[in-house]
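Letters A, B, C and D mark the chains in the order given here, with residues in each chain numbered from 1 onward.
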Amino acid sequence: MKRSLLITTDPIDEAALIAVRSLSAGMGAVVAFSGVVRGREGDASLAALDYTCFVPMAEYQFHRLFDRLAGRGTIESVRLVHRIGRVAVGEASLWVEVVAAHRAEAFEACQWLIDEMKRVVPIWKRAVPASASDEPSAPAGPAPAPVPSTPSDPNPAP
Amino acid sequence: MKRSLLITTDPIDEAALIAVRSLSAGMGAVVAFSGVVRGREGDASLAALDYTCFVPMAEYQFHRLFDRLAGRGTIESVRLVHRIGRVAVGEASLWVEVVAAHRAEAFEACQWLIDEMKRVVPIWKRAVPASASDEPSAPAGPAPAPVPSTPSDPNPAP
Amino acid sequence: MTIPVTFWSYFAELAGRPETSVELPQGATVGALLERVYVDHPALAGLRRSTLVAVGVEYQDDTHVLSAGDRVSLFPPVQGG
Amino acid sequence: MTIPVTFWSYFAELAGRPETSVELPQGATVGALLERVYVDHPALAGLRRSTLVAVGVEYQDDTHVLSAGDRVSLFPPVQGG
């Protein structure tokens, strides 16, 4: 199974990704997913999301997921791009493409990969409110956060 | 819900379709499917598929499906292109894109639309064997077909 | 009334022609039209269970009552995608 | 042995710092490391049930035995996509 992984602060260029797609003659299905930053999360109006990533572990965990897909049969190719850093509303933070012989397995693999990513790949996001787009908001999390004395992003991606 | 339908003999230009995609701020998920003609069907090696379509009915049935999707909630846009006529191996015969607020509904709607299309939209295909790419093969069907005295494509799309 | 009938996909080969027309009394049903078609095109009769029938652009079943001006299409299971 | 610990996402704010290190005897487990971390960073202790622990790039649970040279990461549920 061909695999391609990119974790990048650059905008995701879907046209360029599609331009280099290649299918062998037995492949009949391409499923592509773009995850785009929404302007609202719950009641809050957002300007952007700031993504942080523990990159070496994310790469390792992504490749473990790819290994599991490779054992599934007639998937020819998986490509995944995750953007990190600040991603503005309306821009894509994630692009996933699965090429397979048949439609059902392409859809299933694409959804499975995203579900598993959200379970095991160490990437986190925090909201940048629309009203103060230069300052990240309090982090999204279950606990009240004390006001940090450190800079607003203490976890730059390595 | 925005909707776009194109039934065409022209190649599907996915880059151009993506270039005109537009999402409103509440939308977070884009699922796109490309169905590509495979080089084999069962034991046969193919050069192409010839698609015929009862176009007015296909358009009507597609729009009925779009109507049903529009009643489902937060789907912002559905675009579908079905190529007809001869489609060579490796070329796309179908492109479907669903834009929705959330991932699960985008995947579900895209798969539902393709499933329903295959149930109700009057489009048929027949194999063009690799060994005689200028002559359509016997039609794909459950019954033995008598050799027609009519030209090879008796059902040109109106 | 004269009802034009179009055969799509391999039904045209089985019928030996892409179109025909059937003369029916007022109030005739799709079922009655099919019986007439199968007399002239017996190769189609064996596929009746899987045959799809449209009147205009709508699917209809055997009980649907035809009207003058209707156009009927007969075809095998669809295969888009 | 000295085990470096990195806090990711809002765990860094809760800890007040992005990294620390913990002195542990040979053969100490992830669970023992967590107990030490929670002494200095009590704000994290309440999130123990949802805390994910990686040693290097692999997830590990409380019973995992640490070795000299290991690097530990503590973080909340991941949120990619």
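What to note about this one:
Throughout what follows, contacts are C-beta pairs under 8 Å (C-beta built on N, C-alpha and C of every residue); 3 or more make two chains touch, one makes a residue touch a chain.
Here the structure is a predicted model, which means the values were calculated and not measured.
Note: the chain lying farthest from chain B is D, by mean C-alpha position. Each chain gets a centre from the mean of its Cα atoms; for chain A and chain D, those two points are 25 Å apart.
Taking each chain's centre as the mean of its C-alpha atoms, chain B lies 51 Å from chain D.
Among the residues of chain D, those touching two or more other chains are numbered 81. The residues of chain A that reach two or more other chains are 35, 103, 114, listed in rising order.
Looking at which chains touch one another, you get A-B, A-D, B-C. Within the complex formed with chain A, the chain D residues making contact are 6-10, 12-14, 16-18, 43, 46-47, 50, 52, 54, 56-59, 73, 75-76, 78-81. Residues 14-15, 18-19, 23, 25-40, 89-90, 101, 103, 106-107, 110-111, 114 of chain A are the ones that touch chain B when the two sit in their complex. Contacts from chain A toward chain D in the complex involve residues 35, 51-54, 56-58, 60-61, 82, 93-94, 114, 117-126, 139-143, 145-146, 148-150, 154-155.
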